[in-house]
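The block underneath contains the structure these notes are about, expressed in structure tokens.
Should a chain be cited, it is by its letter among A, B, C, D and E, assigned in written order, with residues numbered from 1 in that chain.
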Amino acid sequence: SGGATTLDTPASAPGSAAAGDSAIVIGTANFSENQILGYLYADVLKGAGLTVTVKPNLGSREIVVPALQNGDIDLLPEYQGSLLLYLDPKATESDSDALQKALTAKLPQGLAVLPPSAAEDADVFTVTKESAAKYGLSTLADLAKHNGKLVFGGPAEDKTRQIGLVGLKEVYGAEFKAFKSLDASGPLVKGALKSGDVDVANLFSTDADIVKNGWVMLTDPKHLIPAQRIVPLIRTGKATETVKTALAKLNTALTTEELSKLDALVDVEHQDPDTVAAEWSKAHGLSG
Amino acid sequence: MQNGKVVSMIRFDSVSKRFPNGTTAVDDLSVEFSEGGITVLVGSSGCGKTTTLRMINRLVDPTAGTITLGGRDVRDLPAARLRRGIGYVIQQAGLFPHRTVLDNIATVPTLLGWGRRKARARAAELLEVVGLPADAGKRYPNQLSGGQQQRVGVARALAADPPVLLMDEPFGAVDPVVRALLQDELIRLQAELRKTIVFVTHDIDEAVRLGDQIAIFRTGGHMVQCAPPAELLARPADDFVAGFLGSERGLKLLSLVTLAGVPYEPVGSVRSTATVKEARDAAAGRWLLVVSPDGGPAGWLDTGALEGLPGTSAVAGLALAPARGLRDSDSLLSALNETVSSPAGVAVRVDAAGVVTGVTGQDVLHARQRSLT
Amino acid sequence: MTIEWQWLSTHTDDLWALSLDHLSTAIPAVLLGLLIALPLAVVAHRIRPLRGVLLGLSNIMFTVPSLALFVILLPITGLTRTTAITGLTIYTLVVLLRNTVEGLDSVPAKVREASLAMGRGRVGTLLKVELPLALPVIMAGVRVASVMTISLVSVASYIGYGGIGQLFTDGFQRNFPTPVIAGVVLTLLLALAADALLVLVQWLCTPWIRKGARA
Amino acid sequence: MIDLLSQLAAWLTSSGQWAGPEGIAQRLLEHVQYSFLSTIVAALIALPIGLFIGHTGRGAFFAINISGFGRALPTVGVVTLVFLASGLSMTPVYVSLIALAIPVIVTNTYAGMIAIEADTKDAARGMGMTGLQSLWRVEIPLAAPLIMTGLRLAAVQVISTATIAAYVSFGGLGRYIFDGLAQRDLTQVLGGAVLVAGLAVTVDLILAGVNRVLFRHRLT
Amino acid sequence: MQNGKVVSMIRFDSVSKRFPNGTTAVDDLSVEFSEGGITVLVGSSGCGKTTTLRMINRLVDPTAGTITLGGRDVRDLPAARLRRGIGYVIQQAGLFPHRTVLDNIATVPTLLGWGRRKARARAAELLEVVGLPADAGKRYPNQLSGGQQQRVGVARALAADPPVLLMDEPFGAVDPVVRALLQDELIRLQAELRKTIVFVTHDIDEAVRLGDQIAIFRTGGHMVQCAPPAELLARPADDFVAGFLGSERGLKLLSLVTLAGVPYEPVGSVRSTATVKEARDAAAGRWLLVVSPDGGPAGWLDTGALEGLPGTSAVAGLALAPARGLRDSDSLLSALNETVSSPAGVAVRVDAAGVVTGVTGQDVLHARQRSLT
């Protein structure tokens, strides 16, 4: 089956080295949505007749992007806003087109982003239904009313970056009682939100648990949070017409809703990312 | 102690020990270890000596038979109580390395609840008894030499003044000179304390020297013979025993018999202050005994060396062959050794005060004959 | 917490592949460690003052948290298996070095001397007498190092070479205990199998101990 | 590289870095607290087991194999597993650290106990000590140096592994390593590593010193 | 071997060894160890015996003085070459535990490049020489008893037939019975091989038994005396030496002198096939020697036991006290032992064929006197 955890997809094994330039190595970060995306990329590229290897679960962006630069991998599913902030922590662009432009400008030599997908997996600042009622929270602007009272939880990097404490203070004037280093929309932050250890949590919008638990996503009237549409980040040498065309087809077909469903299949139903991806691309006639 | 003597006879009745792995360490042993005496167990390695010893204080339980101590089955007492009443000297000392020498010696008194002060005082006393300097008490065992450790082992066993002492090759680890010293001390101590001692060794000379009674074991845990040393040497039960006793068995026997009663003959002698002329007059054969002013033997003078010397010159200053004076308490063996070593072929006899009384020659051998009856 | 047996049965291939991947990190690490430890140990054994330094250094390296070590190595060796192997090799040294030195120490002076007295040189004595006699202690070190390395490989999942450790991250993120349990059990099995194998190797290599029934 | 080292030095020495609820002092305290508690609890569990096995000679097979088993237990796996079972708390951290420390202490205690010469144990019994007296007065004091060594090894291992607390969102020096990684701050990672190693080495040296003072007379 | 004898004299010239820690192990030693003989080094523990030995094969280098072997400074050869030419038997064997007995013995031949087959053949040969069964060759050292290991150690040292043999307490670890056996074997071997042997022990009896020459050391690395055993026993240089030789020094000396030349007297005897009447007629004193049909002594008959027996009944079957026949090659000591042990007070002498020739009594002591000149 070649599950979430294998190193190589079975299809990639023979002759992948001999295939030379036309062979593509896809890397993914260590969370399931990124793996699903990696396998989706793989499926459509294979459908286009290319030789593809997937190296899933390589680690965080900090580990994976340098690997792309090194040539350890060739292609990576990325998110517009986060990628830009990784490249330039001071960036303030937030709408998709601006982001795409900024990315193209800031990417190091040899890397390029292809046109983004319709699907988006944005950061959302979330509170429980109970907190929302208790504190009267519905937008990020409401947070400033309770300065110094609430606890914020998110991945460690939220402490120092724009879509985190810095931006919330700058744009909305919100300040917190404490910051808790947890994970990126993972079990830690969700657990902490559920148990009340944190009041406001940084989650990802596609996370099935948000709906399941009835959590409230605070709206972002001042557009602090950048668009997080999914973009293929690729080494320029590998960005042939075939690749572009194939990925463009996928990007059109994949919507946020579809992506959320796929996430749920993996995270809640415990199906394997590769299986989920394969079934979806077959159903949408993308795997040739 | 008086009390101790009454209850300290050890008796084995058809005792056997078979270990779970099938080794028979002791096989149907029936024997008595007499009160107030030293019984020595000898035999080659693995013949069951240690096992026999350890059955007495129940470190090993026999698989058959009974052992009584002063008439009471050893199993009647709780093991720990029994052991506190029996001194045990372990092969190569077996001291507690983490305790000072004094604390080591005070082990049993402490267990008996004597109180720290009293136990320590007793330990200090024993340190002296076994001939160790008082400052050794504060040291740790590994700061002592092998021989000193052995002494501590003995002191520890004596601490609560138990009527019975079990000693397992207590002097096994030291060189022959120190060993002889430790043996002397044990003999001296025992003359005073008269404990019932069971002593294990595989050195037959040690056994002959120390034992009031010697039990010889053979591999497989059989006791072959148990008898006083003189009887053993004179009448070994079989070839195994005879072989074990060694080829100079006859001479060993001499070491057990004293000179008391062996006749001596008068001997011609001169004072060491005499003149050459006086010496010439006194000479009967080639060798003339010279006596020092206190009456003891000074040495043998070769009268041949007097030739050509002026009669008035002094004997003092002439070369003498050594002569040792033997008391009645010395053994026939040392007399024989003297006879053989002295150029005159006789042993010089002295009285209790060390004054020359005469000489004994061939009579040493005759005395032996008499003792053989 | 329940185990989804269904998941297990559909993922045996993956578990097998992960185990192989796990071993292809662990085995080179131990071998490399041994290759480095042997000469260092000989030096530490012969030159007293260096012993404290070498053993002390390996001890300090051992106290560096493994994750940090991998991260520190990343800029040097990149996102490759080399990083994982290098880090683990450094950890094996603490055990291998100490045991090899102790093994050499355990060779009775008499035997070493006998070899010299027979007219064998220093190198000959090392190769033909000291190392063979130190083998039991060295092998004890190899066993400890192997087991330890096998359990440590999972930390390398942070850089994508964690072998069975991938199951832990996966289970963690999906709130899914089955892969985690499978991973723990699999790691234990691998470690125990490796240990048993090494015991067998040692048994085969030391006939004098095997046959020394009388001793 | 030189660059990194000077940054590291700056990071370690800046006074702001040490103070406050997120400062090094606080993190160090947390780290020591986690490690100390785990080691103590592990010792409370492991010592009686080791002493029992060593004293009676029963369960030696268990003692020898538990060490292998313990070493093979992947800490990350245990933390994850206990986290999934019990939720977000310190439990997973303590469980895995204790699991890490127990085998080391058990095996060293056992080794200390069986290293006592049979003669010495015999002497204790032969003098009329009961089993418990022999254990308290002879066997434990004699095994103490090795028992201490076991505690020392356990403490060092626990300290370097206690970084795991940060993996499940708690404090300790591991925070610097995990946060540094997330914030792409190699200096911080390195600083955390140096602090952990430094703490471990310091504790190791202190315990070694204590050992030397306590058992000085055994060295000759 | 002939060649060996020419180059094998060992000579120390003012040799000292001071260890870096300040211990003086050997102090200004000048001595010659004669060719083709056994020189025994004795002395108490730590007096520098081992160090002296190890300077010969350069396991230790002297801090002062020179050592020559057959006239050549030992430093002239590379150490490994030198050592291959000198057999070394290490205290308690020091065998290679990971090699079979055969491989152990073949060590030096292999180093000399003899080839596997030849080296092994030689090893097998030596196994026989030292009296081990052929199948011991395939075993590992720890499958052998202590005594057997010692033999392997000796065989290993002999393997390349070196002219010089250094033996460091080679029989230290075994019990007295096995020890005597090993000594016998060494004496037998040496009679054949005539190596230059330097032998370390702290057992003075062993030294007297084996040594052509004995060097006595004293703590601090001083050699006090070096002389043949008879001279040493008769004329110890000082009290230390005398003390070391033990109190029965005179008797030990007897063990070095044989009965050859000691006169014997005729003895009344009867055949063991004789009748009681014949025995009565032959009797001169209380004890009558009974001779077995082959002419050897059967035992002493107590003539008192004949009383009341019919004259025609046979002597055979009556209880006899044991009698041992002594050959001319036996020592005076064993004769003395016989004299002391036998009820008749005399030692029975026999000729080379074992046939009784007469008895010796007091003459044993006289013979000693004569040997003292």
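A few comments on the model shown:
Everything that follows uses one rule, which is that a residue touches a chain if its C-beta (ideal position, glycine included) is under 8 Å from a C-beta of that chain, and two chains touch if they have at least 3 such contacts.
Please read these numbers as outputs of a predicted model, since none were measured by experiment.
Both subunit B and subunit D are touched by no common chain. Comparing mean CA positions across the assembly, the chain most remote from subunit D is E. Ranked by C-beta contact pairs, the top interface belongs to chains C-D. Of all chains, the one whose Cα centroid sits at the greatest distance from that of subunit B is A. The mean-CA centres of subunit C and subunit E are about 55 angstrom from one another, to the nearest whole unit. Between the Cα centres of subunit B and subunit E there is a gap of 28 Å. The centroid of the Cα atoms in subunit A and the matching centroid in subunit B are 94 Å apart. Distance between chain centres (mean CA atoms), subunit B to subunit C: 60 Å. Counting only residues that touch two or more partner chains, subunit D has 83-84, 178, 181.
Counting partner chains per residue, subunit A shows two or more touched chains at residues 187.
The chain pairs satisfying the stated touch condition come to A-C, A-D, B-D, B-E, C-D, C-E. Contact residues of subunit C toward subunit A in the complex are 4, 7, 10-11, 13-14, 17-18, 21, 74, 78-80, 157-160, 166-167, 169-170, 172-176, 178-179.
Subunit D meets subunit A in the complex at residues 83-84, 87-88, 166, 168-169, 175, 178-179, 181-184. Partner subunit D is touched in their complex by these residues of subunit A: 60, 62, 155-157, 159-160, 180-183, 187-188, 191-192, 195, 197. On the side of subunit E, the complex with subunit B involves touching residues 44-45, 175-177, 202-203, 247-251, 253-254, 333-334, 336-341, 343, 345, 361-362, 365-366, 368-369, 372.
Per the touch definition, subunit D reaches subunit B in the complex via residues 117, 119-120, 122-130, 133, 138, 141-142, 217-218, 220.
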